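A, B, C, D, E and F are the chain letters, set down in written order, and residue numbers restart from 1 in every chain.
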Amino acid sequence: MIGSAFNQLWQSTGLFGFMGMVEGFGIGNLVMIIVGFILLYLAIAKGFEPLLLVTIGFGCILSNVPMGYIASIDPNSGNPGFIKMLFDMGIDTGLFPILIFMGVGAMTDFGPLIANPKTLLLGAAAQVGIFIALLGALALSFIPGISFDLYAAASIGIIGGADGPTAIYVTGRLAPNLLGPIAVAAYSYMALVPIIQPPIMRALTTKEERLIKMQQLRPVSKLEKILFPLTVLTACAILLPSATPLVGSLMFGNLVKECGVANRLSDTMQNALMNIVTIFLGLSVGSKMEASHFLNLNTLGILLLGMVAFAFGTGTGVLMAKLMNKLDPKHPVNPLIGSAGVSAVPMAARVSSKVGQESDPQNFLLMHAMGPNVAGVIGSAVAAGVLLAVVPFMMA
Amino acid sequence: MIGSAFNQLWQSTGLFGFMGMVEGFGIGNLVMIIVGFILLYLAIAKGFEPLLLVTIGFGCILSNVPMGYIASIDPNSGNPGFIKMLFDMGIDTGLFPILIFMGVGAMTDFGPLIANPKTLLLGAAAQVGIFIALLGALALSFIPGISFDLYAAASIGIIGGADGPTAIYVTGRLAPNLLGPIAVAAYSYMALVPIIQPPIMRALTTKEERLIKMQQLRPVSKLEKILFPLTVLTACAILLPSATPLVGSLMFGNLVKECGVANRLSDTMQNALMNIVTIFLGLSVGSKMEASHFLNLNTLGILLLGMVAFAFGTGTGVLMAKLMNKLDPKHPVNPLIGSAGVSAVPMAARVSSKVGQESDPQNFLLMHAMGPNVAGVIGSAVAAGVLLAVVPFMMA
Amino acid sequence: MIGSAFNQLWQSTGLFGFMGMVEGFGIGNLVMIIVGFILLYLAIAKGFEPLLLVTIGFGCILSNVPMGYIASIDPNSGNPGFIKMLFDMGIDTGLFPILIFMGVGAMTDFGPLIANPKTLLLGAAAQVGIFIALLGALALSFIPGISFDLYAAASIGIIGGADGPTAIYVTGRLAPNLLGPIAVAAYSYMALVPIIQPPIMRALTTKEERLIKMQQLRPVSKLEKILFPLTVLTACAILLPSATPLVGSLMFGNLVKECGVANRLSDTMQNALMNIVTIFLGLSVGSKMEASHFLNLNTLGILLLGMVAFAFGTGTGVLMAKLMNKLDPKHPVNPLIGSAGVSAVPMAARVSSKVGQESDPQNFLLMHAMGPNVAGVIGSAVAAGVLLAVVPFMMA
Amino acid sequence: MVFLAQLPKEQLIAQLENGVILMVLGIATVFVFLTLLVFLTKGMSAFAKKIAPQKKPAAVVSSPAAATLSVSPASDADIAAAIVAAFAKSKE
Amino acid sequence: MVFLAQLPKEQLIAQLENGVILMVLGIATVFVFLTLLVFLTKGMSAFAKKIAPQKKPAAVVSSPAAATLSVSPASDADIAAAIVAAFAKSKE
Amino acid sequence: MVFLAQLPKEQLIAQLENGVILMVLGIATVFVFLTLLVFLTKGMSAFAKKIAPQKKPAAVVSSPAAATLSVSPASDADIAAAIVAAFAKSKE
């Protein structure tokens, strides 16, 4: 009897599971745990988007513990694990990315965009990367071993939105099994923006262009800041209802902040609520780092295409700025701020500023780059709206 | 093919929905969006209960975006929208108003009431408005185009409780379809207390009565403040169990505050928890501002009856104070504090004080008015308990 | 008609319920309400673990209000009460204790344990109390009127873990009906540690042993503090997956704190999130203080065995320290820190320090006792993992 | 505007009758309950005084200066402002 | 490494066609929407200026010193540090 | 008091046997696991020292002054009190 109990305990060790002796577990779990540790290393030692990658990495480790059943249903008791519950509560339903987007809205200052609205076009141009990567995913599927359908391709494309909650929202709706690699790619490349963008920016601009000084931004009144989120919301409601969950929650957070009469709500959105949801969202996303959906050529394809998306978005943003200078030479735009249109707030705007100061240390581009930077958030949400409206219809 | 995709996108614009070309949407949504903007205007520009009316107004707008399916189930995907989820989570179940009531309890100082317990009678008298409005709703139903059943009438009456969470709790239980107009009426009239109450108060009192100076309140010990919530809870448990969810959560919050050994919980109830729930509750309530339940004569009836409830509650509170002076002339009560019995904490108490100082700038009534003011919160919850216990039985 | 309505109201008073005239209620509810008041008294006047006992006590009172249906389903409307919802959301699923454990991890400094890892053995030894009490529960079941099965016995044993969330997690999984008395016993004895432990500690040590001075703890680097939670997690994943929900969430909280790059998440885990969950968890646990599961001899048995568990754990911790001194006399350990191995952080460590200073006021044991103290948390979670893995298998 | 279907007259009258009952019942209950609470509160205060006779008042509630609900605890900015003010004063 | 089953060629080509359509549609929509927003924002600003002509600028957004997203409010420690610094300076 | 139904004697004995097994198993597992952890922790510390040899100690944990779990961060009031105290001292 005591022997059988010891045997039971031994058969319930993780070691036993890693050796593939329990159905549903195997060496793949061990590999994924190592991937989780690598994410923790990148987050802690390298400072890659630590809030998200620490939680995603830890979620990946916990979810891959054999017979831990933390992100699945325990077949013996029928109980769901705690990360499974969090996933069902907030990712499957789309609630967590929406709540994060409220907090992002409450943290965002659209002032620079209101002062120079034409930078919205830079935020539009940089979304081209999304669709290039989408097409790339479909093309890569011709290679044996890689296989993406339209849902997967759209989710991969949205990595190019350079916006975590948008990517998670779209992928959760269209291709939840790919949530792990897509979220990791999105946050990793956002952290790598200072490495990915500068060479592209330098290659596409001349020395003279990089020296362009922009006119000082005009002051923006409080009333304009209050009316702006309402304007965007109205446009979105009239033209693209499928984008309203994302755009609406962003603008809700922003209005609560800017209206000045609900500061305690704005403060909670930015802090307690956002932090709680970030913890839950990170762990849940990490739980989608399953061996069966991660250890295949598709993941390599996703990582490659994510890079393509970022690179193309950066490039089209810069080129759009050069085109705008051609069309309206009286109000010159430094093309270096075009790359900030990918979003990745505020990192991409800082990169614009830094590259600009390489040529002229007295040229302060940061505030100018914040315009396209926050425009990129709106642009990605609009692109997400198109994908969410059209892809299910095409697949029907 | 591309034509059909463009057509699909065009048919999914909000414009198409406003024109009534999709089942379930129409021009009514546009009107409700405008109503939402009006609420935002009142909240932001006029300062009407901004924490609630900003969130309710925004929830109204988001919920009325055609084909946004933010407060309903998307018929194509079967997914509920995020505001629908919040509503099901917290309003349908009654959880959100209960949690807000905990926070209210943790913010309330019952000291002035303990020092002068007979002001509880003022809090009782001011609830008469609830039942007058209830009766009024049933009477108005004889008018063609207006139709309230007993559930609706009870929910309308509770507007006179001048207490947001109580009104939302009762309406969520008895007549959830009327939640939109009732919550808006309740919060709007609470914001209008400084305009509604003074003329009634002046009309029902003489100059001499308004000059009455009250005896200074005695100090209240910490022990009394700890025992008070337990006393109220006990009375409620013995006599009116149907009121215990509301009264119990109010007294729980108050005990956690007053006991002094759980300050971190009290602080969270008042801040992080309350703010999160306020955001969720406001958006959810806003989602009940549907064209079909708002754009009819009933809504006019509700607005009218809400005003009646406030006015009668104010009046009966003042008259009760005058009666108390008749019965117990040794301990005079300034009848101006009677109006504070409607609750609307702390606005109504401030109004008592302000009207008092019109007659005598040296007469500080604020603390005296806080007694009936917090008594009104208990009174409304007790009235809610009666409605919740008896109405379903009458309708059975 | 009005008579029948008054009658209906009278039949819905709590008084009517206490008198046993409604099915499912009776005098037992009144007794449990009094028990709830006693818990409030212990929490507020005596300072017994007030955060938990205030909420548990209030939850007990609310849940026992006849016809309040706050912790059950209202048979008339079919609606669950708010505490029932909280219970189903977080205790039945195990989510709340897991979230609390994250916060505990984010509050814990494993530095003293890393500096002197062999104190882990003290944390192991003190868990013997768990299994003694388990065996005791099975033995007591021979007494007529007391009846525990293996699920109940394991849940009772875990009281000896001296760790609230672990006890609630295990009991919620194995014997949810006993949650009330077990949680109350666990938190009460944790509060009574300064009374229970010193006599045992004095009885098992000589004056010379109590005077032992320990070597100053070496400094611990930030890197070690980051690697420690990952080390424990890895060991747990490989050897005891059934303990990973508890150990994993503890180590997640600790890593988020120690990594230094996610302070806003760590802060939220320790404050807003932990406080919210504590409120919900306390009320839910209190709802399991039902007359039918509390007012019987089993509860006396649980209280007795909880004391046994604490006493034995204290004793085996001290004896283990003495054994370690025998085996390794070069690095003497003051046996008074052995008792801290029961966990009950940080109370038990303070008791070690206080008893030590009775003999030598210059002997500062507190930091030395923190090592076994936090080791005890890990030890209890490991013991919980064994119970969760083996008990259901034995009962199958 | 949507025009709602009208309830039949008998039902309207029946529910008006119910409404009157509800009013009587409700007002009576609220008054009975809160009147009872007046006495319970007085009893509670007497009990509190008996078991813990206090010499110094724990809190004076009538001062107009303290006459606001403690709805929001002092914010960081308030504390900072208070310290700066105290500091400035001390320099005079 | 897991090798995934390959989709049939016709399906791959069909979805590539869909992808091209999606790209055209998506890029067009994004540009139309954001271009429209340029005009709406300008209109909104003109409207704002009309109903509330301002003399003093409410907020100047071009200063490089303010050039960070106000992502985190000043912490307690920051406030304390600022006060201590101010205090130390005043003692000079 | 409710008197609970008694389990049959054979079942009681059977579960007592299970209890003994559980005790042996449990105590063994706890000791094996935590003993292993002693060695793993020592190994981890050696590894940490190897990859990042430190000159200055990052944190000294033995000082009795620091001898409290950092359970609650300093509150605003604490900070304010500390500053006021420091200020008062500086005026001496």
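Simple rule for what comes next: contacts are C-beta pairs under 8 Å (C-beta built on N, C-alpha and C of every residue); 3 or more make two chains touch, one makes a residue touch a chain.
If you're wondering where the values come from, they're calculated on a predicted model, not measured in any experiment.
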**Message:** How big is the rotation, 0 to 180°, that puts the C-alpha atoms of chain D on those of chain E, in steps of 5?
**Reply:** 120
**Item:** Most remote chain, CA-based centroid, reference being chain D
**Value:** A
**Distance between chain centroids, defined by C-alpha means - chain A, chain C (Å)** = 40
**Prompt:** If you average the CA atoms of chain A and of chain D, how far apart do the two points sit, in angstrom?
**Reply:** 47
**Request:** Report the inter-chain centroid distance for chain B and chain E in whole angstrom, where each centroid is the mean of the CA atoms.
**Result:** 37
**Junction residues of chain E - those touching two or more other chains** = 21-22, 25, 29, 76, 79, 83, 87
**Asked** For chain B, what residues touch not just one other chain but two or more?
**Response** 5, 9, 236, 239-240, 264, 267, 272, 386, 390, 394
**Request:** State the interface residues of chain B toward chain E in the complex, per the touch definition above.
**Result:** 1-2, 5-6, 9
**Prompt:** For chain F, which residues count as touching chain C in their complex?
**Reply:** 1-7, 9, 12, 15-16, 18-23, 25-27, 29-31, 33-38, 40-42, 44-45, 47-49, 51-52, 54, 57-64, 66-71, 73
**Request:** Please give the residue numbers of chain C that touch chain A in the complex, ascending.
**Result:** 93-95, 98, 102, 173, 226, 230, 233, 236-242, 244-245, 248-249, 252, 255-256, 259-262, 264-265, 267-269, 272-273, 386, 389-390, 392-394
**Asked** Residues of chain F touching chain A in their complex?
**Response** 17, 21-22, 24-25, 29
**Message:** For a test of understanding, state which residues of chain A touch chain C in their complex under the given definition.
**Reply:** 5, 8-9, 12-15, 17-18, 33, 37, 40, 43-44, 47, 50-51, 54-55, 58, 61-62, 65-68, 70, 76-77, 79-82, 85, 271-272, 275-276, 278-279, 283
